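Across the two complexes that follow, chain A remains constant while its partner is chain B and subsequently chain C.
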Partner chain A sequence: MNSSAGESTSLLRRIAGQHSNELGLLVAILAVVAATTIFSDAYREKPLQNAQEILRQTSLLGVFALGAAIVIISGGIDLSSGSVIAFSGAICASIMLALAPHDASGAPDTNNLGLGIIAVAIAGTLLVGFLIGTLHAWLITVVGLPPFVATLASLVGLRSLARVMVQEVTTVLMPTGRTTQIYIYDNAFNALGTRWWIPLVIFLVLSVACWVLLSRTVVGRHLYAMGGNENAARLSGIRTDHLKWLAYCLGAMTSSIAGILYMAEVGTAYPAVQGLGYELNAIAAAVVGGCSLQGGVGTIGGTMLGVVFLRVVIDAVAKLVKVGADEYQGIIVGVLVVLAVAFNELRRAGGGLRKQFFPGVLGLLAIGILSVLGGSVTTMMFGRSAGAIVFVGAIVVLAARKLAEYRASRRASQAVSS
Partner chain B sequence: MSAALLSIQRIAKRYPGVQALADVSFDVRQGELLAIVGENGAGKSTLMKILAGVIPDFGGELRLREKPVRFTGTRDAEAAGISIIHQELNLVEQLSAAANIFLGREKRNRFGLLDQGAMDREAARLLEELECKIDARRPVGELRVGDQQLVEIAKALSIHADVLIMDEPTSALTESEVARLFRVIARLRHRGVTILYISHKMDEVFQLADRIVVLRDGRLVEVVERAAATPRGITHLMVGREIEETDLSRPRAMGATVLEVRNLSLPWPGHARRWRLENVSFDLHRGEIVGIAGLMGAGRTELLECLFGASDLRPSGSIRLGGKHVDFKHPAEAKRAGMALVTEDRKRFGLFAEMNVGQNVTVCTLDQATRGGLVSGRVEAEQARGIVHRLNVKTAGIEARITSLSGGNQQKAIIGRWLLTEPQVLLLDDPTRGVDVGAKAELYRLMDALCREGLGILVTSSELPELLTVCDRILVLCEGRLTAELSRAEATEQRIMEAATARQPATTQ
Partner chain C sequence: MLPGRNFVAATAIVALTIWTGCNSSTSSTGEGSSATGTKRVILLTNGADPFWDAMFVGMQDAQRDFKLADAGLQTKMEVNDGTPKGQIDRLRQFANQTDIAAVAVSVTDSKNPAIARAMEECQQAGIKIIAIDSDVDRTMNRAARFAYLGTDNVIGGQELGKAAAAIRPDGGKYATFVGLKGAANAIERISGFGEGAGAKFAQVENLGDDMDLSTAQKNVRDALDRHPDLTTLVGIWAYNADAIVRVAKERGIRDKSTIVVFDAAPKAVAHLSEGNIDAMVVQNPYEMGYLGTRLMKALVEDDHATIHDLYPSYNDETKKFDESNPDGDILTTGLRVVHPDSGSPLKKEAFAETTEFISLSDFKKWLADHNLTGS
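Right after this comes the complex of A and B.
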């Protein structure tokens, strides 16, 4: 009796130890949702609607965060997702426009495309995603570019290409001539992005597929191996070039799927703004979910929770501030990424909070910067008085911390010289 | 008796899970050469890093000239006159010798700009003093290892270090470079420099040291006067037990030729030597262990990489494995053909630190553990447990982190990884590096057993006694050329060293 109880608690502890990151995220998600429910009416008044909206947004981000996570686990980085989203939306819309039946005036009519055209457009877009990933893999494995550079070039280049392409396509196909956007009015297609459960199902199916790939196949194990130690992987007879090809294709193709969904959501391909900056959201979700940018570490489950956490926090801020969440998204993502990575690094280093955070002039300036940052963000969100309190509070707390650190280091050196 | 220059009192250092040093106390006398010996993991390097300010947090106390000191960084230690020359040299390869010597303490002229001329002149003078005949303006990366080391010593001299710590300084040197280093050491001592000399080579220690500090498992075993010690006694103190003489003399039956290498050459573009390997030819039989000796940079690792299809450039020449001509473009092809390579640098080229023991062991053969395309955890665990048991890898289980194993057991796990591929030829690149004495003997016995099962083994080592113990034949490389092939009966350390340093005159164009 006793021993079996002991065993089960030790098993629990083992599970908790192996999945401490996931458990922590789960608790954090629940805490944020609970806090938002308490401090804002929105969740209490329309729980179902809010839940559906959060799930839809989570799924849209989640789809390409999965790809980002696989690339990161394999030891690389894909900075191109945002632009691949815009480019894929433009490609998908262009194919539909080109194949759409013409109305009485001779203009393409996208109101009723039919499943055939939609399927062709989606397949074509996925093919483009595959080709983008293949180009990345070629640049990285054959030409020898660092992943950062190869995908940064795509980040800058593909959005620009998409904008030019949309203008060319509309010039040729639309009687109204050159525009910067393509509108798709087909209801069945638009449902892909607007019905809350469709992105969710796609996200869940992709998650399961990615989980099976990473956790249950030889290829998945080899991806982890390559991410952890690429040299050792190659010398173990693992075809690292092929694996990178796969990883970057998954990165680009999941972004293509997200691009189709985002385009369907608004019924517009508008590459100038669509998916702008989303690559960092995806990377942030993966990192918050426990993927190490050094590679070789991370899980699909963690990434899923990372996505949920990111979206829940963004939504909470939007509800509390009662303005559009878009403006605040960047701040939240930035802060969360710094906190998540710093937390992981501190845990790895083992020193924890005993580390000296504000040494010398650099520390002094950091205190000022953090206080001003915190104060100004709070001012913008909650008004001047709250901002002033946060500003002064931050200065007092951080200065006290610096003083304590200074004393501790003095004590250490005095202990030696006495 | 001269006063203690440096007094080490009750020094302790703990890393997560390891007590690297505990309660180590001894004095360093002014002007002596104190050798510090111990097995791998005994705490020698940790102690030296504490003395040189590389590790700032530790327990216990350091007293320099009777005053307590606690260095917060290497600059701090250098200011107090203590300088360290690491085994892995700490130089910026792209910068010139002079720039390296003055790195962080650059001389400046009246306008606050770099005074390159003064630094070059001073560097040239220091190098001259050390019998180092190189141009101080040459990038350090172009220099031989021996000269690079002298650049580090020149750096120590330029900051007027009166305590110099040398961590295994001869591990990469040729015989003549060792002789020159010893002359430099004699000159430094003449000037009154105190030297702490880490080594595991008994002949060096007994040639140079006044006293010998023996560490074992992070603790001080004894400090002995050289005159009162014998190499055998010191080894005994280091190991804490008599080294079991591994008896591998029982003759092995040699089988058919399994590997035939003819005129293997590996180009070295842009280098004066032009060839990393040049016209290397030899045979390996089943049931035979062939050793490859040579100095650092002689091409030992490159040879194994070529055979395994892992070299960056493709070699020329012919390789026949089991009678069939092979030309591997990727290690995956070599693996499939029955070749296995255990790499020299476990950490960088062998281990997957984030994975557990089982995953590390099965990484090469995971495709045999699949059921319907998916990895079967049960079959994989059977695979891993089987080989862990067979090689007697000491681990808490296959779920344990690979990094929690000792060096010797990590090495056995990696050998196990490759045995699962059922190879015909096993390539072992310095397999006992970073492995303690007891585990070494176990690895020798393992190699012997595998060999008796019909495997052909090609092994490199930087330690000649090791090759002399385990090998049936020894090939000697010197600057990429095969300069000797010695049978077990012919091979002696003397003959191997002669062949390993038999360089061609550097006049060939």
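Right after this comes the complex of A and C.
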């Protein structure tokens, strides 16, 4: 009996050790939800509506965060997600506008498109996503551009192209002439983004598919191997160019799916502003979920939890800060990304004081900067008293950490010299 | 020790800080809605601009005059990021909260079905919704709000067009510059300008800048580059005036150009004082905020007599608008044509009787009386 209990405990410890990041995130999500439930009426009085809205927002972000995570795990980076979202929305709306039946005035009527037109538009958009991914792979593997540069070009170029395209399409197809937006009024199509469970189902199906790919197939293991050490992977016979093609196509196609969903959500293709800056949210979600930007590290489960965590925190800020909450979202996301990466570094170093965050003069200056930054942000959000508490608290906590690091370093030096 | 614990601890600290801060803010100002049980009456803008500050001053004065605090209400302003998605997300967030009584929305995109849907979701959640400054498309989405309160933008556009025609009787080519071309107020003002200016004027450009100030200037440069014979520059949104004047100065074309603009942004008032703008058609955001707050309080309290007072075609017994008057749910706030103190060819007779014709000096005095820098 004792031996069996010991084995169970050992198994649990092993699982906890292997999935410590995911467990940490799960507990963090529960902590934030619990805190918001305690301090805001909204979660207590409208639990269902709030859960549905968080799940919908999580799914919309999660769809293309999965693609971003696969690219990061494979050792690359995709900065183009936001522009691919805008471009895909514009493509999807343009196809629907072109195929829409005409009303009595001769204008395309997007109120009742029918499933056939919607299916063709979605298929066309996914094809465009595949082609964008292929272009990225060609630029990176054949032309030799760094992934950052190749996808940066798309980030800038695709949005611009989408803006021009929408104006050209409306000039040709709309009797009223050139416009910067295309409106889609079909309820069945718009439901793709507005019914909370549809993006959720799409997100879950994609998550399972990505998990199977990464965790249960040879291709998945090769993606990790390439991300960890591309040269070693190539020398061991792995066709890295093909793997990059796959990774960037998955990145672009998940962004295209997100583009369709976001366009359906707002009923408008408006490439000037659609998806602006979303690529950074996807990368942040993947990083918070445990993906390393150096490649070879990360999981689909972690990315999913990273997305949920970001959305839950953003919603908590909206509930607690009340007015102008979105202005603080960037600060919160920035802090969380830094914390997540810092603690991942700490974990890799073995925890405790093995990783020195504040060595020497640079560490001293960093303590000052972080304390002033924390105090200033808190002052702007909540007033001077809260800012003063955070400022003093940060100095005390970080100085204590520096002192402990210094002592540990001294002990280590003494042990080496003796 | 689980490495994940560190992350949990950090999150707990962040959450605790937010909560502590919220509570400290609440106790220090005595205005926090969650602590005192007051509900929010919100102005949801379409973007960021000093125009909204003037409207919010009106809301705060109405809060004092109509004793909103006694009714457990307080006014707040939520600034949108200029995008339809931003407005949709904010409205959905409102619908899922418990301390919001009413929202006045300046609709970012009148034809956007999702904004109308989000407004309806708020109504279903018990929140009173009105449109202010910029309405929904009235043929498609009228039910998304209780009523509209703001400028009649078509008439506003006509008045600006009449001003341009009076300054430049021979007409010429004109370009319009605006933030979002899809916004209802933009469409209506531009259409009205063409009607007011008359057949001697021809529009050669209508450029949107997506509320980017740098793009706003670039649009003016581009229009001048493409049309060297462009003579009339029309600012449709408040900040467009500054962009036009800067480029006109930069190109040295002020003497041969007619510059007419909407709204009296603080910089536009300064430009008019320096002789760099020929005429301004000014809305009254202060009055919009003031009346909008009065209306929202009446809606929250089911005060049908006040609603009838504001909208005469609203029947306070049947609690419906008179169906024989299709635009009975529109309350138009005043318009002003502001002209330079001297040397202007503009005459009051050229404009509608309901439009106030006011000199720059008198307008500045009005601003000072209301503690405003722009309108």
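Here is the rule we use: the second predicted complex is superposed on the first by the 344 of 418 C-alpha atoms of A that agree within 3 Å, B and C clash if a C-alpha of one lies under 4 Å from a C-alpha of the other, contacts with A are read in each partner's own complex, and residues count from 1 in each chain.
Everything that follows uses one rule, which is that a residue touches a chain if its C-beta (ideal position, glycine included) is under 8 Å from a C-beta of that chain, and two chains touch if they have at least 3 such contacts.
Here the structure is a predicted model, which is why all the values come from computation and not from measurement.
S.K.: Kindly classify A:A386 by the partners it touches after superposition: chain B alone (first), chain C alone (second), both, or neither?
M.R.: second
S.K.: So, does A:S40 touch the first partner chain B, the second partner chain C, both, or neither?
M.R.: Only chain C is touched by A:S40; chain B is not.
S.K.: Now for A:T179: first (chain B), second (chain C), both, or neither, which partner does it touch?
M.R.: second
S.K.: Go through the superposed model and pick first if A:S105 touches only chain B, second if only chain C, both, or neither.
M.R.: neither
S.K.: In this superposition, which partner touches a larger number of chain A residues, chain B or chain C?
M.R.: In the superposed model, C touches more residues of chain A.
S.K.: A:R239 contacts which: chain B (first), chain C (second), both, neither?
M.R.: It touches chain B, and chain C stays clear.
S.K.: Using the touch definition from the top, say if A:V27 reaches chain B (first), chain C (second), both or neither.
M.R.: second
S.K.: Go through chain A and flag every residue that touches chain B in one model and chain C in the other.
M.R.: No residue of chain A touches both chain B and chain C.
S.K.: Considering only the defined contacts, which chain A positions touch chain B in the complex?
M.R.: Residues 212, 216-218, 221-222, 224-225, 228-229, 231-239, 296-297, 350, 412-413, 416-417 of chain A touch chain B in their complex.
S.K.: Provide the residue numbers of chain C that touch chain A in the complex, in ascending order.
M.R.: Interface residues on chain C, with respect to chain A: 1-8, 10-12, 14-22, 24-25, 28-29, 32-34, 40, 42, 76-79, 81-86, 88-90, 92-93, 95-99, 109, 111-115, 117, 125, 181-182, 208, 210.
S.K.: Provide the residue numbers of chain B that touch chain A in the complex, in ascending order.
M.R.: Residue positions touching the partner: 16, 61, 68-70, 308, 310, 330-332, 334-336, 341, 343, 348-355, 359, 363-364, 366-367, 370, 373-375, 417, 421.
S.K.: Sort out for me which residues of chain A touch chain C in the complex.
M.R.: Within the complex, chain A touches chain C at residues 16, 20-25, 27-28, 31-32, 35, 39-42, 45-46, 49-50, 53, 179-181, 183, 185, 190, 194, 262, 265-268, 270, 272-274, 276, 313, 316-326, 332, 335-336, 339-340, 343, 346-347, 351-352, 378, 381-383, 385-386, 389-390.
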